[in-house]
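You will see chain A twice below: alongside chain B first, and alongside chain C after that.
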Partner chain A sequence: MSAPKKRNFQIEAFKHRVVVDPKYAEKTWKILEHAIHEIYNHNASGLSFEELYRNAYNMVLHKYGEKLYAGLVMTMTSHLKEIAKSIEAAQGALFLEELNRKWTEHNKALQMIRDILMYMDRTFIPSAHKTPVHELGLNLWRDNIIHSSKIQTRLQDTLLELVQRERTGEVINRGLMRNIIKMLMDLCGSVYQENFEKPFLEVSADFYRRESQQFIECCDCGDYLKKAEKRLNEEIERVSQYMDVKSEGKITNVVEKELIESHMHRLVHMDNSGLVNMLVDDKYDDLGRMYSLFCRVPDGLPLIRDVMTSHIREIGKQLVTDPEKLKDPVDFVQRLLDEKDKHDKIISLAFNNDKTFQNALNSSFEYFINLNPRSPEFISLFVDDKLRKGLKGVSEEDVELVLDKVMMLFRYLQEKDVFEKYYKQHLAKRLLSGKTVSDDAERSLIVKLKTECGYQFTSKLEGMFTDMKTSQDTMQGFYAAMGADIADGPTLTVQVLTTGSWPTQSSSTCNLPPEILGVCEKFRTYYLGTHTGRRLSWQTNMGTADLKATFGKGQKHELNVSTYQMCILMLFNNADGLSYREIEQATEIPAADLKRCLQSLACVRGKNVLRKEPMSKDIAEDDAFFFNDNFQSKFYKVKIGTVVAQKESEPEKQETRQRVEEDRKPQIEAAIVRIMKARRVLDHNNIVAEVTKQLQSRFLPNPVVIKKRIESLIEREFLERDKVDRKLYRYLA
Partner chain B sequence: NKLGRGNRDKVQQLMTITGARPVIGILKERLMYSTTSPMLQHPYADMILADGISLLCNDIQVDPQDIVMLAISWHMKAATMCEFSKQEFVGGLQALGIDSLEKFRERIPFIRSELKDEHKFQEIYNFAFDWAKEKGQKSLALDTAIGMWQLLFAEKEWPLVEHWCQFLQARHNKAISRDTWSQLLEFARTVDPALTNYDAEGAWPYLIDEFVEYLLENGIQKGQLSDWTH
Partner chain C sequence: MGIQKDRVRLNVGGKIFETTATTLAIAGRNSFFGAMFDEDWNLQPGSPTDHLIDRNPDCFAVLLDLLRTGELYIPSNIPEKLLYREALFYGLLDHVRSAKWGPFDGNRLRLSRSITGRAPGDGTAIRAGPDGGCCVAHGSMVHVYDWMLDEHPAINLDYQRVNDAGWIDSDSIVISACERVGRGDGGMGLFSASTGELRYKFNVTHDDQVKSYTAGALSFSSDDKIFSSCKGRSNEYGIGVWDQTTGKQIDFFYEPPAWSLGDADKLQWLHGTNCLLVATLFPRKDNCYISLLDFREKKMVWSWSDIGAPVFDEGLLDERRVRDAIAMEDTSSICVVNEYEDLGFMDLRSTGGSVRWSSRSRLMKGKMPDEPCYPKLALHEGQLFSSMNDSISVFCGPDWVLTSRLRRSYGGSICDFSIGGDRLFALHSEENVFDIWETPPPPIM
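Take a look at the complex of A and B:
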């Protein structure tokens, strides 16, 4: 077998020479030129697509692409020049219509031409880096029509005039506008921006500048904002109808700047209708509108926030310094809560629950509540009132709501330790008089305080509750053990108070009447029998007594009195009349208290179980007192005791304030020592800052007091000044 | 006056025993005799008290109120004013290189000049606090402090010294702490009497802050020191 010989096959090139007749190109071009003319003259129907395509194809194939292209340009250009003339000639409203029509036609023509010249479009044009047919057509349109001197300005003016007319309320042909503007958008080279958008924005700015000036002169704030909002919405709608969507942001910026930003301050501060008025009158709609408009401009919201803040601080300041409003602490606190609720509602309904506004509200409240040094006392009195009677019959959830509101006010207080002192006093009175509406409510509040301030704040308060409970048990035990012995004597109820937990009261002298001394002693013996090593002292300034009294005409009444008053009245079992001095001697009650008691027993209508001679209002040391046989009251039970928590008198207030200041000194010193122990060496300003930071949850320490405490610690050799830098202190181990 | 009735008697006794001034006697003892002289066993031979000091002053021709006595006490590291212990006295004289009364007298101008030295003045000033206060007290009684200040600030001029003393008597009326004492010199040295460079944040003792307030209240404007007398 032999391998077949390889045989080369050759394919010979086509040997038939194609003759390219130079005149051939010209002839072909003429055909195409003619076709373009026909197309522009709306005579395209007579043309054969296939033939034209082939001609174009051949021209390109035979390397006459350049000629074809140049010819295209020339032809199209001359047609466009004609078209320009016809557009220029159009009168008035027809101008745009003519332009639009011609544009539509041009596009159709362009499409056809492009189809015919597709081969050139795909081959010659890319390789020669020429503009493709379609784009070329658009550019020629742009250069010959849009940028024609007679058309360019007229077009711009016409468009802007239409916008202006629409703004004044006329209805315009939006479809036409849309087409024209779309035309501008389709053309390359920022035609839309340069020929329409930029002038449009300038003219709009002028328009709104003028309009805003008009509005501001004649409208009140609320109306102005409504108008501004309306204009803004209109512009947004206009853009969506016939402009490039990218213009929306730009025109809204213009409107915002001219209508809102330029007049922001004037609007907010407008007399009788500005922000403050809206706040006072709860105009939620107007406020909401203002918020949503102002949030579009820089510094808009800060402006609202600042004005709101100063307004709240101002009304708050007035509230806490107006002596009228401070007469009734409970009412005062209620007003604070009302103001807070009012503004919370505004922020939630109109200001979108904006956190920065919430913070501004909180800081304002913190500012003015602390302007009045009695705020802690008043808030405690408010709570006292609620827990005493205000929350009677209120559902559990509502109780929680009230207590949470109280806690909110508490958080604003800088001097939380002052509140603690008063709260303790008032709680003590509530517990001892048995006048608390709900034990659960009391405990709930204590828990809240503990969560807020920690265990130390409430441990003593809890101790008070424990004492009350323990006392109940003790009484049960006492009566179980002694029941028989004391059955025919006065009924004694004792609350045993652990000294550290209850507010410090100076114990004063008071001689208990013999009628009860017996049972008191029995209790003392019983108690100390089970609790050796303890000391008991009767707090005569805190007790109450119920006395059954029979008067001259046989009328019987039950008198509910304080212990002091009991001691005084019991004296009258053995004498019809006694002088002030005799009473003083017998009871040994301190003078100020004694006078107060006698006043409540003798000088108050409806409660004057004693008669005083002379009948003056004040108690003098020469006065004489008699049992009032003619006493009358329509109630069987007459309450004369005075153990209710009240606003403190001036001297009492001073005393409490002093005690608070004294309590603060060791706390400050402890903080200084803690800090210096850790840091070893620290300068004065930093110590002050650190101490303030450490104590701020309880009170705001006074820098002068801190300085004095530092000096005291230097004296006691806990600290020393640095030898070189006198502002530096060193911890002495 | 430190010398109580009893002490005075004892010194009298001493004087009659030795028949000489006890100070000079002791001085001579130190300088010329051995330290085991029988006289030195007497309890009060170990202390020079007020009377002895005034005799000493006489001998060295210096007024007992003269501030140079303070400087001398400083050299002697005396613990309390108006008395020198044996150790303090001897040690001080040795440190000063004094071995005769004449030398003592000659040294006085030098010691006086030391008060002009900024650094030494400060030491002497701070020394004065412990020296002038009562033994066992932490603070310096106000009257004594005022007396000392007047003395010291006559030496080193401070225009506000009178105002300071008046302020204390009007507003303070309590003893002076060591810190306040030492800081006052700083204040006098660094703060201009018209208070132009007073820094409220300067960690001055609060008494000095109050003093500045007092001055401002009473018409010493910052920048201008009006001369008010009373």
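Take a look at the complex of A and C:
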């Protein structure tokens, strides 16, 4: 501001000051102050609201708002100091009661004071940026009562002690507790947090740390979990009874941390009662409790999952590698299924059907089933067993159930093509010997395999079924065409099998007896006459025959034998005794098969239609065989089985393996070519990775084999190595 | 006595009133009567004695009728101001305000009052407050009126030229002003509507440095954000975003090349799409730029400009020139207006479309007043308002039919208008006067 210029004359402003009684403000305030005293002293009945309201109004109107406000703060403060003293003086248990009573009174007084000062609250306070009366009253209560040095710690200790007493089982006055804590929450700022919640959480952490230590020393895992669950529920209930809802998450965190997180490894691995024991003993309740408690803490569920996984892998490994358990394939697979059922039930009952647990279970099974290279064979044998006899008299739904379980195991297999090989063999045997129980079940399984692995996987299996059907029709046609021509001869049933659809076996033919040969030739003529351009060859190793035989004492039997055995027995129509070499010469049956046939004809008790010299278990090349006139059997029909290996023998296994490997070669090559055609240039590691990915639905290709296939393709000029970077391959179109 | 228990006898300034506690309870707990009859105060209704209230009996009669009927009738012998003061004493001012005028309907508006101010020069903007008050920007001053149309202390931001003003709530006004070269003043400030005090000044920071700036058009979002078009010293043009509660700058959308944001005339927050409409219009720039900004993705999601629009002849150019724009979320379109008050529409759902003009009011052409004001648009509850010269047109319905026209005889062209608090305020350019239009309370039957 610039300095005022010197003026020659001055005009006095016309001042007309309205002079209010100088003592007016003081007098009015005294009235109001007195009223506030009376309100605090429960003596308000003599007060006139209208008068007090008008006085407060007038003070604000005449610009004494500041004085009114300051007076209010002072008066209320002095009253609160008095109240503080009376609360401090309260002894023992009365302390909280007194605090609660005074708080209720203060609230009521505050409401009345606010009523009187309503006009100030509405006009003066907003424009002067003061704290509104109600909030002011709460703030003063906080500063003078709660934060008073003699009350603050005492209040905190009292509240915490009550909680502690409740934890040890005493009954406390929850209503009072609720009121006091509600008061702390009503006060602005972080009064509740600072004066109650924070120390409460600290004390609770201490308490549960000590208690958990005590529990873990003397309880087993199941009991510990029960106690922890109980404590957790107690705390949640406590919060709902008399604390701020926001505290629930915090206190449960504390309990979770102290009771569960700090001890979770010890709990899971506890001797004789830990997770593994619970799994073994199917303790669904305990497991469920463990799951629901552990899912509250970080890394809780992964811990359970890891322990469960390693446990399953361990028992699975034992199961698939124990030579004792490998003796019976059906039993072996049944054990796998039982193990799967057991753990499925645990996951559904106790682990809330948790997806991650299901995945862990699946990966564990996948891991150990593939540890045993014979798993595909065994699973196929299991199916074979079920489809041969196991499903008799079982309802359709149950059949489906069994098949679904088998499919589940099938899914775990890495070498699905090996399974296919065995399945095909077993299916062929079932079909040719007419042993399938249910066509529907067979087809249903094939449909399942098709959805799982695609059309290619099952096309040949379906072809086998078609062949069976066609053969039936062909035979009908044959007999209709021949009519009386062949009525006298033996009845011939031919199954025409498409080459390729069926498991190929070395077609070692034998010399058929002339009676049979005649009918066979007729059939050949008939068949080639109706289907031109085809070739028929006889798979004598797979046929069966029913023979009628009359023994020494005139007793008649029907012998059910294989084609080979039939050939041998027919020789004895013309001779009573024959040497091994003679039989071999006459029939030309391969030595191994011949020995097996003779063994079953001569060495099995109750089925020994032939007699061998010398009498021994094994067939030697210089043995001699005689028609056993003394043969006796209770049954009219005698089934002479070949000694067929149910399980494959070691050399057969090698052979199958060989064939599987051989079949894989073109598949791997096809995959390589497909990939390279799309990519043109690719390095070795990526090819291996992509081939593995493409083929993993059928089998897990060996990288060494892939490498060999790549080399072979380079040799045949499908691919070439990059001239600069030897790790790169190029596709040659 | 039964029924009589409710009865209350009041002696107001010597005049006896008999009423019921039920009627007085309508005033609510936060009023003189609510407190008086609370059980804390030993005043039982039905007690035989009169309760003395040392106030004006005539005004009390009006207010008692207000409590009885919910309607306000002020006899001519009672000054409005006196009644308002009495209502304030009893804590009934809110009741009076809500009974004073009815819910807003653009087709039933009546001129309530005209207020003449003392400000020199042309008005810049008028903004309606949420509870019936308004503020008027003239040059570097903003005059504030409450709903009783009492003027409060005027507001200025370093006495810099005010570009826009807006209400955050019934006691907070934000003002955007020009920056003075080298002084670091101007920009944007938050003021108390009742006292005129500056409460907060908003900063703009670029690269962690506080820069002075000129704030232009303002808009407020429903999630407590303030948007303003900004021009900085060193070409920092764009849209600034601040948080209403913390006052901190939380975002800045820089102007892309060959586009205009920092000079924008109009910002409009679109609640449904979470986007901001930014319009820069002739004559601030030679061309018009309208765009929608999505701040979450920092993207311009829709844009339109008349750059490169075919020019047939000079006359047609003016006709195609957009003078104001407003987004209408219900129909996903933008309404624009040219200087002859022709409305045009654009589809918000596809970018790069053209304006569909509805040639309606060519009549205006040729008879423009000496000092024309460019049209402005406003949208309120499905009614579209457009100011043109000395009148405001109201359009309704899906095809925006002209349904009403508000006009007053003096004051010259309307340079700005605003709707809020169930009132419409229109600011005239020639004389410093603004009109308040209200919808009368609903009819008795």
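We adopt the following convention: the second predicted complex is superposed on the first by the 710 of 733 C-alpha atoms of A that agree within 3 Å, B and C clash if a C-alpha of one lies under 4 Å from a C-alpha of the other, contacts with A are read in each partner's own complex, and residues count from 1 in each chain.
Please note the rule applied: a contact is a pair of C-beta atoms (placed from the backbone, for glycine too) under 8 Å apart; a residue touches a chain by one contact, two chains touch by 3 or more.
What you see is a predicted model, and the numbers here were worked out from it, not measured in a lab.
Shared-chain residue A:P126: touches chain C; no touch with chain B. Residue contacts after overlaying the shared chain place A:V704 against chain B, while chain C stays out of touching range. With both complexes superposed, C is the one of chain B and chain C in contact with more chain A residues. Using the contact criterion defined above for the overlaid structures, shared-chain residue A:I714 touches chain B, although it does not reach chain C. Once chain A of one complex is fitted onto chain A of the other, the partner contacts of A:R726 are limited to chain B, with no touch recorded for chain C.
Legend: residue contacts after superposition of the two complexes on their common chain; A:D220 is shown touching neither chain B nor chain C.
In the overlay built on the shared chain, the residue A:E452 is in contact with neither chain B nor chain C. When the two complexes are overlaid on their common chain A, residue A:Q111 makes contact with chain C while staying clear of chain B.
When the shared chain is aligned, chain B comes close enough to touch A:D683, but chain C does not. Chain A uses no single residue to touch chain B in one structure and chain C in the other. Chain contact summary for the complex, chain A toward chain C: residues 44-45, 47, 49-50, 53-54, 57, 108, 111-112, 115-116, 118-119, 122-123, 126-127.
Within the complex formed with chain A, the chain C residues making contact are 30-32, 35-36, 38, 40-43, 51-54, 88-89, 91, 171, 194-195. Residues of chain A touching chain B in their complex: 683-685, 704, 707-708, 711, 714-715, 721, 726-727. Those residues of chain B lying in contact with chain A across their complex are 138-139, 177-180, 183, 186, 201-203, 205-206, 209.
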